[in-house]
Amino acid sequence: MKSTKAEIIAFLQAEFPQSLEKCDIESVTEKGASIIYHINAADLRPGGTVSGPTMMTAADYALYIAILGEIGIVALAVTTNLSTNFLRKPSADQDIRAVCRLMKVGKALIVGDVWLYSLDSDEPIAHVVGTYSIPPQR
Amino acid sequence: MKSTKAEIIAFLQAEFPQSLEKCDIESVTEKGASIIYHINAADLRPGGTVSGPTMMTAADYALYIAILGEIGIVALAVTTNLSTNFLRKPSADQDIRAVCRLMKVGKALIVGDVWLYSLDSDEPIAHVVGTYSIPPQR
Amino acid sequence: MKSTKAEIIAFLQAEFPQSLEKCDIESVTEKGASIIYHINAADLRPGGTVSGPTMMTAADYALYIAILGEIGIVALAVTTNLSTNFLRKPSADQDIRAVCRLMKVGKALIVGDVWLYSLDSDEPIAHVVGTYSIPPQR
Amino acid sequence: MKSTKAEIIAFLQAEFPQSLEKCDIESVTEKGASIIYHINAADLRPGGTVSGPTMMTAADYALYIAILGEIGIVALAVTTNLSTNFLRKPSADQDIRAVCRLMKVGKALIVGDVWLYSLDSDEPIAHVVGTYSIPPQR
């Protein structure tokens, strides 16, 4: 692990502050991270559920935090692929926990998966696999 | 084709009006649809680009419109899988066109892909493959 | 769990015997299964590695065994989507273990993921997410 | 285009001759390729259909040929992701055509999709999106 939770928060406050209004970083661990994404009215869809893009946002963010923890502060990492399976209807009145584990940390590509949960249930609402491309060191 | 563009717009105005504030339906064709998604400040990311979730929202919407056109007004269709490859950096000051084609229209599952473009370029910014589950007729 | 390992083997011997020449079922558990896929010369690729299609075959098979265990003997279940991330180079002289867990068991769709390993390492060689469609009961 | 069909065939005959026993290269075009994969008994599954892994093999091969055409003879390109949607039941007695188009040709990653057809039909049997990683030039 190259960055701590505190270092990552300091980086995000400087470069990407709006992300911290919506998300709390719970933990940054060896090849993993857990975040809480706060749901508000803009995240909801008719029928009392959370939108798919909100779930994908939370997953992408958890993956980014796990990568920052693992390889250090890399502003330029970009998502190249994100594949989501929507599993169960999220609760409209619950925040979302996104738990990421990195499955491969290569020089050019990092792959991880993310499980998403409404906070009132242990059954996942979605599973996401994502790939980030890491620019060559200069 | 079971629904026209006008019928789909009437349905969305009744059931999902906020979607029409962000999107214009350009066309609904045989097993396809094209929409324009309007970018505003909330869709942008540092570095002068459009967020991944915004691109996935536009793609999911184009797929939904194509499905409504093909099988008729079905409020309960739900996305089960969405897989996105991010191909090029979108222009921050350009709306996005999402062009969907359905590749399979089954009784239970509909699969389609969507090409996304910034309006100032013919090179796609992302490619999305999505699957919708259609509830059994009652 | 609706089928035991012994019941699944009996079914495969009757309907799909060639699968048992290549694979041993290690275990069938609550929403999961583990198999060993035996590598032979036809599975190899230049450079001393195992082919991608061989890995996908092993994953698809583990997913099918887990489904048979979970919902009972259903000859007609079909794969609708299979998404593979290739993580590390497999060992050419090692069999492959495929470990499946089902993440959603719905009436129409079952989704699971599979981790693949060369038997000489604990690092996964590939990760697969697959969806099966289950035909309506008659 | 950096390699012609004849140059690619010469390379495959030297490095990967068994591939040419199963496949004919129909065409290598600007950012695309088309191949024919010959089906034999080992490719079939109970119920008179072609196996999923056979379809994925054909798709991966078409993608590889398109990449060789586009960037030149690169023995070390490796598949990092392959995502397949199975759309229709293939004909057991028909060879398969795989038609690839590259959607992004980057320095490190190449992404393309492949449509698969049984030769007796214009309806696709599967759609595949794949990513190849290209090793840095030495």
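Order as written gives the chain letters A, B, C and D; numbering starts at 1 within each chain.
By definition in this document, a contact is a pair of C-beta atoms (placed from the backbone, for glycine too) under 8 Å apart; a residue touches a chain by one contact, two chains touch by 3 or more.
Small disclaimer: the values here were computed from a predicted structure and weren't measured.
Looking at chain A and chain C, the chains that touch each of them are B, D.
When you average the Cα atoms of each chain and compare centres, the chain farthest from chain D turns out to be A.
Of all residue numbers used at the contact between chain B and chain C, over half are used by both chains, marking a mostly same-residue interface.
Chain B and chain D, compared by their mean Cα positions, are separated by 29 Å. Distance from the chain B centre to the chain C centre is 33 Å, each centre being the mean of its Cα atoms.
Chain D has its Cα centroid 23 Å from the Cα centroid of chain C. Counting partners per residue, chain A has 80-81, 83, 85, 131 as the residues that reach two or more other chains. On chain D, the positions that touch chain C within their shared complex are 15-16, 46, 51-54, 56-57, 60, 78-86.
Listed in rising order, the residues of chain C touching chain B in the complex are 80-81, 83, 108-109, 131, 133, 136.
By the touch criterion stated above, chain C contacts chain A in their complex at residues 83, 85, 87-88, 103-104, 111, 113, 124, 127, 129, 131.
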